[in-house]
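As written, the chain order gives the labels A, B, C, D, E and F, with residue 1 at the start of each chain.
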Amino acid sequence: MTPTARRSPTQVSVMVCLGVCAIALLVPAAAPAQLLPFPKQDLIDYTAHNPFDRLPDGRPKVPDDLIERARGLSSEEVWAVLEEKGFHNQYADGFHVLYPGKTMAGRAFTVQFMPLRSDVEEVAKSKAKEHGVSRLTNQTAIDMLQPGDVLVVDLFGKKVNGTIVGDNLFFYVMKATHSGGLVVDGSVRDLDGISEIDMPAYFRAVDPTPIGNVMLTGINVPVRVGGVTVMPGDLVVGDREGVYFVPPQLVKEVLDHADETHIHDEWTKKKFDEGKYKSSEIYGSPSDPKLQQEYQEYLKRRLEEIRKQRSSK
Amino acid sequence: MTPTARRSPTQVSVMVCLGVCAIALLVPAAAPAQLLPFPKQDLIDYTAHNPFDRLPDGRPKVPDDLIERARGLSSEEVWAVLEEKGFHNQYADGFHVLYPGKTMAGRAFTVQFMPLRSDVEEVAKSKAKEHGVSRLTNQTAIDMLQPGDVLVVDLFGKKVNGTIVGDNLFFYVMKATHSGGLVVDGSVRDLDGISEIDMPAYFRAVDPTPIGNVMLTGINVPVRVGGVTVMPGDLVVGDREGVYFVPPQLVKEVLDHADETHIHDEWTKKKFDEGKYKSSEIYGSPSDPKLQQEYQEYLKRRLEEIRKQRSSK
Amino acid sequence: MTPTARRSPTQVSVMVCLGVCAIALLVPAAAPAQLLPFPKQDLIDYTAHNPFDRLPDGRPKVPDDLIERARGLSSEEVWAVLEEKGFHNQYADGFHVLYPGKTMAGRAFTVQFMPLRSDVEEVAKSKAKEHGVSRLTNQTAIDMLQPGDVLVVDLFGKKVNGTIVGDNLFFYVMKATHSGGLVVDGSVRDLDGISEIDMPAYFRAVDPTPIGNVMLTGINVPVRVGGVTVMPGDLVVGDREGVYFVPPQLVKEVLDHADETHIHDEWTKKKFDEGKYKSSEIYGSPSDPKLQQEYQEYLKRRLEEIRKQRSSK
Amino acid sequence: MTPTARRSPTQVSVMVCLGVCAIALLVPAAAPAQLLPFPKQDLIDYTAHNPFDRLPDGRPKVPDDLIERARGLSSEEVWAVLEEKGFHNQYADGFHVLYPGKTMAGRAFTVQFMPLRSDVEEVAKSKAKEHGVSRLTNQTAIDMLQPGDVLVVDLFGKKVNGTIVGDNLFFYVMKATHSGGLVVDGSVRDLDGISEIDMPAYFRAVDPTPIGNVMLTGINVPVRVGGVTVMPGDLVVGDREGVYFVPPQLVKEVLDHADETHIHDEWTKKKFDEGKYKSSEIYGSPSDPKLQQEYQEYLKRRLEEIRKQRSSK
Amino acid sequence: MTPTARRSPTQVSVMVCLGVCAIALLVPAAAPAQLLPFPKQDLIDYTAHNPFDRLPDGRPKVPDDLIERARGLSSEEVWAVLEEKGFHNQYADGFHVLYPGKTMAGRAFTVQFMPLRSDVEEVAKSKAKEHGVSRLTNQTAIDMLQPGDVLVVDLFGKKVNGTIVGDNLFFYVMKATHSGGLVVDGSVRDLDGISEIDMPAYFRAVDPTPIGNVMLTGINVPVRVGGVTVMPGDLVVGDREGVYFVPPQLVKEVLDHADETHIHDEWTKKKFDEGKYKSSEIYGSPSDPKLQQEYQEYLKRRLEEIRKQRSSK
Amino acid sequence: MTPTARRSPTQVSVMVCLGVCAIALLVPAAAPAQLLPFPKQDLIDYTAHNPFDRLPDGRPKVPDDLIERARGLSSEEVWAVLEEKGFHNQYADGFHVLYPGKTMAGRAFTVQFMPLRSDVEEVAKSKAKEHGVSRLTNQTAIDMLQPGDVLVVDLFGKKVNGTIVGDNLFFYVMKATHSGGLVVDGSVRDLDGISEIDMPAYFRAVDPTPIGNVMLTGINVPVRVGGVTVMPGDLVVGDREGVYFVPPQLVKEVLDHADETHIHDEWTKKKFDEGKYKSSEIYGSPSDPKLQQEYQEYLKRRLEEIRKQRSSK
């Protein structure tokens, strides 16, 4: 679509790490492009359980192969482990799902906006200028995206002027994240254009207006989406129901549990397909010890097959 | 998905025919598997207009060939006859429709739940035990489904923990009913899995939680879904708009009326296709006596063709 | 208002104990006026924890003096005990509250309606006639109300034609229950008239139409209101927030706990009033052992005073 | 479906130019079929900026080739020009979109309904009869549709009995308008049938009832749809987000601007595809003067190509 | 509040009788202040059943004494007669009611707005100027109000910039109509100020913005409010539930019927107060012939008393 | 009510300045009780336009006499100045208003919560302990309130477990702020108790549950309430419509403008009361130069009177 910059000021300003941080901590020496970071040390402190490497910006780096495996997950499989571990608030739904049949998986790259307030914006702009940042918009954040990222945006449910991207920037996000994905508690524009671009997306609404009347207030800070506190680096998993934000330390367990579930589903449906059993004889777990044994053997065998298959890749 | 029984108690309890029945009437001699029936005699009394045979559980048995013909129905065709007969409350809509292009038709198998209340549940459990029923969950009802049934569930619109089935049980229902269908004033889980299983389904929402915090309170009892009182054995017809519950005594008339409507539609569109007429010259009925006659002859001829075609099957 | 019977048939029919009961059980010898009871024995079984006497219709009879004490309850005080006892579904809100400053307390007298269906209604009517019941409407239930009752009606949220009473019947209910109260998951009419009658009421909506297009399907049966399963005889407590349905066996504990809470509130506010403490030094409980002791003594003394006061009445 | 005229009076009456016009002005000599026109002169006055020819009924006639070009528009492209020109209220959304991937473009043919009121209806009927109009229904308007029209109906959001067409009339509209389209702030029926007919449609709801309990009060009068004042002859553009109503005088500018936008999108995505640039280096406009120049040349070249392509058709 | 004219153009323009009328008909000789009337003759034609005099602007003039009596009406009493007469769409609810305990009664003075559209507005302005009307805003209509009027405004539910009046103009309306009243399918501003002014008002919302982004398109034209077609001169009756719009020809019958209802209510409550009867013995009508006779005598006597009382005034 | 600490862990944890601040900046030497401040310097930077003194915590201190004057403000009066100054997002409505007739005015003391996440909470707790903070709940913030404060809480609209205070803490807030007020984008509990305490309050809902399942994440940080970015120290003004958050630098202008508006209203209503003028002759501003002059003199005289009156206090 027409670049908004040509025809109307986007009115997206920025608050440089909104009054919450010592400037010195803001700009890691090694990443001068990152103007509005969540200070790396805090990010590291608050995600201390992360068992994986970290990205240069400090976010936990869920490994690529686990992200790949996560594409086989469904909301229910994530639910089972997170609920057991006491994480009751990691699921958000009620989105328009761009590609219902396509699972989204990637690392959360978070962005936060607040309603525009000109007195605050003015200060933010001048602070930004002091740090050599001339232009502060949604693109400031978008330009920082990495392969494997899912862009997670808190636009407080805004529809009109709450459009984080149109088709051009959606295309850019797709390229930059290698089709990672988008979750926005806000809206998008150019749905016709977006519908031709191959990247999963979850949004609240669609509107023809460009983003505006808001201030960019945080990049890779903890954000709220639906009833979830999303941390930068969370594994984001989206299916046709909704989106799960998985803390890195639970990723492995979620995936291993899902393997068992897939096998259990295979076996259950196979049994149902035979037409000899009532549902309760087979599911949740077989009542007959013999069937129970049959299942355990099936599970063991299939798990081994899966592991072999995986290691051979 | 992971069988819920393994990781969290489903919390689905049962009230044995909730305080409304003499226990002796509950378990028809011939159907010991039916633990929570609507007493057969009452069901028979309240569906006395049923012109067809009955299933062993007492439900009217709309014949298979009529169910087959019902797959050609749309909501409007049902509306026409029911409205005329004074049935103003047999239509429910506002559902998520799993397969918009696929008509659902089958016999209503009804199930009712109420919010969990531990004092009542405790009594219900002990009553159930007295009758040799060890485990009382949604599966108790599901295990009783017959070919040609549509599972109709009153879960009072519950989303979280209102998930009557996930993909495994959905698969079982599909097998047991021969793809009859599901209507739930509540939710389902595992939508990704369900979307691969070939059975029509109408639900209010999707949620990753398993069913819980409810009590199973009735099987094949009259239930409320949307603004409809559904009786066990009703013909359930679902199209892409919503669901109609047709009393058995009206099924034949609905279908015959629909035959005429289909022919009328054929003829109307054929005439419109000729491009010579204003809509009001042809529709609702032709204003010109000659056209009227042409239509009547067309109708007669086509009705005969349809009947021949049917009898030759 | 104009008696609806004069100008339009109320269309409220009845299903005699909707297909769920043996007729013989329906009419207790001692209460021939009760045409549609929840069989007394089942009611007794499912409320077996009731520590009090019972009304002739079998409902637990929370004593009058406890009902009187319950007028001092608030939703929060009920919540505390019920939550602890594992009752998570006993609270309903979202009502229009007729008298926000006036607490409602009484015994649940429950009524259930379902959407009208003429084939079922016809059978119900003829069954009723066999039992000598000539007229079956909302008034059939209303005429059975006792002093101390709160009329609890499940009209499935219906607004138009979901008006359980207008001002005349509201007046009757007030007289019959001694200003017990009304909770309806449906509507009322004649709000102007009702607003002059001194009885607490909770309703979803107001509409000028009379009740209609529904069938009376149960009296003193378990009903659903909001997300609650209400049992006949529950203590119903309504404040300006919403309505709690307290199982009889918990009434005493709820009330005693409330006594302590009232004293705790007195003391807390007295301390806050002194202006010497931060909130966390006093509330939830005093951090300073000396204050803790002061509180305990205050509590003991006030409890004794309250008890004396009560026994002296 | 069954023609409603056979089984229930449609109850759609008409107010002949509801009390707002001198009868003499109503029936233009040249168009006796138009019983309820917005007087031609007023329509001409209020659309005085129209740069195109007019239809015989006085509506601006956006040329066919521009309508064809408009099929390439998206909501955002229209937004850009209309916003700049001070038209802030020309977009309506929140519709069910029948064919999300198919752009709708055509000339607005407007129809207005109001809630039925028998005293007004009676007068309207007798006025109509004086003018030789015997039957006044939704079909009266539908019969006046022209190729290239989009039927735009103000049914004030009515769902039940707010169904402007079922499948037969939808088919007729498709034939009469040459697949122009339908926008109704109300509902349709026969969605199953409609889904097989190739014409874009935007509606608020679906219902099995026929249109009724309303009066036809205006044909080709200014109407309100969502927050838009639609004038007869507006260019109606619908994509998968919503519907834009473009005043004829802006059509050319909207289309030319869209050409540039399409080229800008092409170039932007091409650049993003190269993977060498951050989004802000390219979009909204290239920051590097060399890139800027590259773009300008690309734009010029492509515009020429497009124009050649168009003129060669 | 601050007059909006000082700080922001109200943006309320006018379409002179929106393209629907011959200008010559617009300005009745005797009422030069009425710039945008619904032509008097049409108004007279469409309200031909009016049994009363007419106001100079052509509206039916329900007599003052009947308006006074109408202050004793409730929605239910109006419902009874209108329903019987086949008027099913004359009631609107869902408003904020300024004075719940104060009945509103008066003659409908209707005003209609549409979303602003600058091209149409421009024409309207120039047409207005030709007729010597320099300023066209909500005040143009408000300045035409008469004693006994209720201002009925169709602002299509608009909240922001849909504020028909603030406290100053509300005060003016109160003075001009002699506390007649206001019904707006839109909003008001200055609720604090309005709450001190003694006039009934029904509105959808409250907002601090002034009216704007709309065009005044009709004065005393038929308008839609909720699901009602309101005709100028209708008797408007508002109680704490909602608003009824009574066609003039039914006013007398509604009032007479209400007299009987009031007496019936008196008698019914008196009987209930005696505590000797079940509700069904007395209400709708007494079952015992003796009680029936008692009631008939009471009714007769009280009707006479009321009539005497009225005639003696 | 029962102190929640006794019966259930409040589950309110804290994130020490959620990963955004250098710990050293957090605890101003002079205010060791403030564990989670927005660093004083940032607060000062971002509120640099503040023309008044500051509170010890760095917040702008709108003077007490201006707060007193602000009790005479209405939403519309604030709107006029803020709109003109380009502040379009400072108004929030849709609240339950505890005392509709009582204006709220005070300095914003802001608090932010996020959904609970146990991994983050654990880190926060251990960070807090390092700083000697043993208990971190809503009371941590409440204990820091000052006279003249309005407690402004971002609980993201949470109802269940989103109850910032019950009656005891509401009482404490009333005492601590000298009846300043409460605005919560969340809920309260103990409405019965709260209704007896004299402090203005604005909340989204009421619920019997205590606060829980959330983390306290910021005290006196910028927060979002409705569509507003609230800065600590904003003047909060609430009337019966909603709440305005006025930047300190605009307070004086808002108040002075309101003086003129009050006088204008006085004069306007006085003129309307005379009954000689049409509304447009007087309002917005008098059309007749003589009246204009009369008004100007009235304005001048009354302004002087008001100023004298004020200075004499």
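By our rule, contacts are C-beta pairs under 8 Å (C-beta built on N, C-alpha and C of every residue); 3 or more make two chains touch, one makes a residue touch a chain.
Treat the numbers as computed from the prediction; the structure is a model and nothing was measured.
Least step count on the touch graph, chain B to chain F: 2.
Common neighbours of chain A and chain B under the contact rule above are D. Interface matching across B-C, C-F or D-E places the copy of A-B, with more than half of contact pairs shared by residue number, at C-F.
Taken over every residue number at the interface, the positions common to chain B and chain C amount to over half, indicating a same-residue contact. In this structure, the chain pairs D-E and C-F differ in their number of contacting C-beta pairs, and the larger number is found at D-E.
In this assembly, A is the chain whose CA centroid lies farthest from the centroid of chain E. Fitting chain A to chain C on CA positions gives a rotation angle of 180°, reported to the nearest 5.
Mean C-alpha positions place chain A and chain D at a centre distance of 39 Å. With centres set at the average Cα position, the gap from chain C to chain D is 54 Å. Averaging C-alpha coordinates per chain places the centre of chain A 34 Å away from that of chain F. For chain E, the set of residues touching two or more other chains is empty. Taken together, the chains touch in the following pairs: A-B, A-D, A-F, B-C, B-D, C-E, C-F, D-E, E-F. Listed in rising order, the residues of chain F touching chain A in the complex are 15, 17-22, 25, 38-39, 42-43, 45-49, 85-90, 114-120, 123-124, 127, 156, 158, 213, 215, 217, 221-222, 224, 227-229, 231, 247, 249. Across the complex, chain D meets chain A through its residues 74-80, 83-84, 91, 93, 100-101, 103, 239-242, 244, 257, 260-261, 264-265, 268-269, 272-273, 275, 278-280, 283-285.
Within the complex formed with chain F, the residues of chain E that make contact are 1-8, 135, 137, 139-140, 142-143, 166-169, 171-172, 175-176, 189-193, 195, 206-209.
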